[in-house]
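Chain IDs A, B, C and D follow the sequence of writing; residue 1 opens each chain.
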């Protein structure tokens, strides 16, 4: 067997086997489960890196396919497509999921669901790796759904918390909403094109073999799925709620890999999508709107994970903008894909740092962390700052290079509004990122009035968020009855961050610093050639300028000694409320669900079922009973009466018959 | 005169006897259904049965006539007497007759009667072309055990089952001692 | 259709093994519970093993009708004992084997009238096996009725919630269905002119179009009652709720498939022109059922009602697949019959376990069961996810095939059915969340989880779901061997 | 033609018996009386058989056998009916047929 095929198969099968073994046999035994899961994630890691080095510089994609399901029109192949795009993503996924498994040893240690946690992580690893190297769209859809499933399981990991199980359900249903569009797109392609092979689709679209209407329709339908998975407006609402899951999960699924699957798909079938300018324009508009929206919400959040979640949404939107702009301007997919790569590193880092703080302080509120002395945790504090700088796009962090590229692509468009909006988004990003960093770095005195204000945070679903966080944080430090404490408690400074948690931080910080300088080799690998980027000085200056302006704004509001600790947005209360309420999109969906799905369809269909359909049947039954009862007056139970009736009728019939003769 | 002489001739005697037997039968039947006292009913039945036995004699079957008396009069009527004694006491007041019911019964029975009369009238009765004349009891016994043995067996089985059934029903249901 | 006679009467053995078990049970005493369960298990196990054997040993290259046994029964009426296996009934025989075997295991804890229970259950299953393997219309209908009647007694005696009402409703509905089937069947028989009940022979007869139209709609509605085709579905949730666990499993898992299988096997097979005429109507009913089922299920508060309505929706998928009349659609429909059967058996099996302990199925009274019974909950959650169409489970592939075929033939109905998937997911997850997540109800915390022995039947069911989810081709290639000639013959 | 040598005579006698018996069955309230009336009907039937046997049948044994059969049936029937009557009496404390109305619809 081809060693590469074997490697691909192992990447998919090993974690699946680990999932099965843990779920069936060892879920009650944490150490054994951990061992199985680690083995099943380390081998794919090695395979991924080996393949990257062995295949560095391949020109032609390697494709392996087998029949998975052959019906008549529907033919689903199972196969692997190994090309630079999938190789890099494979490495990213394998690496980050391995790091997160290491990190979770510390973060999740002592949790009663430890075995289940690792089983779910393995399931995720399996489905994500399978997704990345899928050769056909339908196979990709299968793994896509499985990724959604593992996301559901992991978000609702602490299922006893109402908000967690609710968030899991929301994530699954909302992404499913998008996936239905995706599925319809696939159905259209199957019926009208006949094949879902990725390479074939890209080639056909590029060479005008498909009717434009089909490309546009199916591209937009597939984008529904992308929007669901990558949290684009208006179905981004699940991602912030998904932060109810354990923080390593947020880092792995909901920032670095799974949500990036949407953008990855966009890259994967980039030539196909780019063949429709209409679709590209719509995607660009949606992505831009998403970016602005999520950045503004990030400005007012007080939960550190919420801030990073909205930042994830905005960065994903930024990638989508880069890709769609490239599609419009006949550019390459490199800008968006490069940002995906760098983002994976620094966003995972941000979340893992947040996790380290949360683990230590037992709260998600970064004001509380600041007050409790968050900056004394040296390693997370340094790494989080590095990651924040990368997020803002400050040289020499990785984010600088990739953001520049995207802005450059946007600037290529004729309409300059997009690049201006992109710059505005970058400004907001810098502002909210450094709001967190400055608050953490420069706590105020204990009697500062701002503490009171940020101690309790607004929560949309009425469930004390801080309380939940305590639930999995410090079981003994705060009075509560949650069963899933981490089994370690106490705030002593002697207790730092365990090495299993700081090691991944350092590795990721390393990537964040190094990745940016790998731009040229990566581009050569991906595209076969590296084009010189004529980066205009104005754009470069304005990009760095807005980033610095954002940081400066944050310094004015939150950093300096005399800062008011009030966001500048406080000046416009109506707008602030609008942002805190998340642009009322959650309210809209809630209202939609309650009014239409539950209120109209469900309620009236049920009513119809009980009254009309069932009622009709019951009416028939009861009228039979009634008719029988009415007729039963004949049944007087006087036997002789019956007999009389009988003989008279019989005899009458007999006489009648005889008369004829 | 002619009538008188005919009456004392053998056919005449036979005819008179026949009329007497018929009268006895019908009288007995009338008593059996109309008397208010249940014992009188049984006695009427006995009378009617004896009458029918007489008719059987006229029909050349002394054996069946004898059986009629033995089984009906000797067994069935006695069983009815027992039933009467085991059930309702005789001294209880009888419910009054309902003329409505009597009328209904007469109409019902009358319709059937009319139908059967019509049937009898309208049918032409043709004897079988070849008729055996062997009326001896021996032959009948022979037939009963050869050609009609199935009927014989069925009768035995029926009687057995009836006996068992009667015992079970009269015992007073399951569980009664 | 080519027929290959059996070297050994596997099918008769499959049919007779429950009968043999039933007769042995008649001679046992109520007190010998272990023996009774053992005998039932062995006879169900034999049927199960034989069904696996026929499934595996069916020669896909050879195709046609295999393991055929044919004996004349009543020559004057043209009634033949004619059984066989082909691609479309092999999965269903396997399904019946799975469900009866796991059903017996599921009812292991039954304490009340054990002997009678197993006798009726085995009688029921005999009928089901008979329907799936019969190629003689008379025997088909005979077994069909045999399968329906014990259900009444099983629900009436061992049921729960409003059992008299449910049993009566179910029986009357199904009898009404039979009332439509018999005239249809006899019309076919009498107008064929060859006086035979042999379906293969009847298939060769060209019935006049109007007869086909009349008979098809009679059979569609008559069998549709059993397949819970909207709007004749209301017996099914009520019946599921009232029935004891294994009966619900058999009922929703297998008995509803009798209806859809009969539509395929009898109605579509014998009246192709009637099918062409009524296909639009059939697709409409099915699509309405799919959408309707999920919405009504969303508003239910009783766990079994929820499952009942999900069955209505999933059987709608079967109906839609049949209505397309394409190879993909029929493949998907038969696959869905199998997948839904296993899935819904798993559903009821898991719910039954919880109900046996808590004596409530109200979603609001339960809650947090994952904490109390993690294993039992995992079974239910797996079934729910399968119901929500998660890949990796058998029903995903079935739905995929049906939906693609449906969009091709009936675009609007197909797209509506796809859109219903969202609500389907919402509805499955809502139940899972309210029942198994959140804080446990303190009333129930002392209950013990499923023991490994009682977990076994559920594991078998999950095993089949996942096996065919990962290797769908094993199933589809088999079904295809009969569907392709079937479509050609239409 | 002599009166007792004609088939019709016997048939009419049997008819009258039948009429009387049927009247009794329809009119009497006492279960025992009804039983007695039934015996009359049975006798009418066996008289018919005997008459046909005498005047029409090819072989004289046929009707006689049937008459015997009717007798046996009547005996059995009487036994059963009487035991039923006794059972009814035990349950209802009456042999009035109008009291036995448990099957009223």
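Note that in this section a contact is a pair of C-beta atoms (placed from the backbone, for glycine too) under 8 Å apart; a residue touches a chain by one contact, two chains touch by 3 or more.
Just so we're clear, the structure is a prediction, and the values are computed from it rather than from any experiment.
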Other chains in touch with both subunit B and subunit C: A
Pair exhibiting more inter-chain C-beta contacts, A-C or B-D: B-D
Centre-most chain [mean C-alpha coordinates]: C
Rounded Å distance between subunit A and subunit C, as computed from the means of their C-alpha atoms: 37
Rounded Å distance, subunit B centre to subunit D centre (Cα mean): 6
Separation of subunit A from subunit D, taking each centre as the mean of its C-alpha atoms, in whole Å: 92
Intercentroid distance (Cα basis), subunit B paired with subunit A, Å: 98
Two or more partner chains touched - positions in subunit B: 101, 104-105, 108-109, 112
Multi-partner residues of subunit C (each touching 2 or more other chains): none
Multi-chain contact sites of subunit D, meaning residues that touch two or more partners: 22, 26-27
Chains grouped in pairs wherever the two touch, ordered by label: A-B, A-C, A-D, B-D
For the subunit B and subunit D complex, residues of the former touching the latter: 11, 14-15, 18-19, 22, 25-26, 29-30, 32-33, 38, 41-42, 44-45, 48-49, 52, 55-56, 58-61, 63-64, 67-68, 71-72, 75-76, 79-80, 82-84, 86-88, 95, 101-102, 104-106, 108-110, 112-113, 116-117, 120, 125-135, 139-140, 143-144, 147-148, 151, 154-155, 158-159, 161-163, 165-167, 169-170, 172-173
Subunit A-facing residues of subunit C, complex: 169, 172-173, 231, 233-234, 292, 295-296, 298-300, 326-328, 331-332, 368, 370-371, 374, 378, 385, 388-392, 396-397, 400-401, 403-405, 407-408, 414-415, 418-419, 421-423, 425-426, 429-430, 432-433, 436-440, 459, 472-473, 476-477, 480, 484
Residue ranges of subunit D touching subunit B (in the complex, touch as defined): 2-4, 7-8, 10-13, 15-24, 26-30, 32-33, 35-37, 39-40, 43, 46-47, 50-51, 53-61, 64-69, 71-80, 82-87, 89-90, 94-96
Subunit A-facing residues of subunit B, complex: 101, 104-105, 107-109, 111-112, 114-115, 118-119, 122
Subunit D to subunit A touching residues, read off their complex: 22, 25-27, 97-98, 100-105
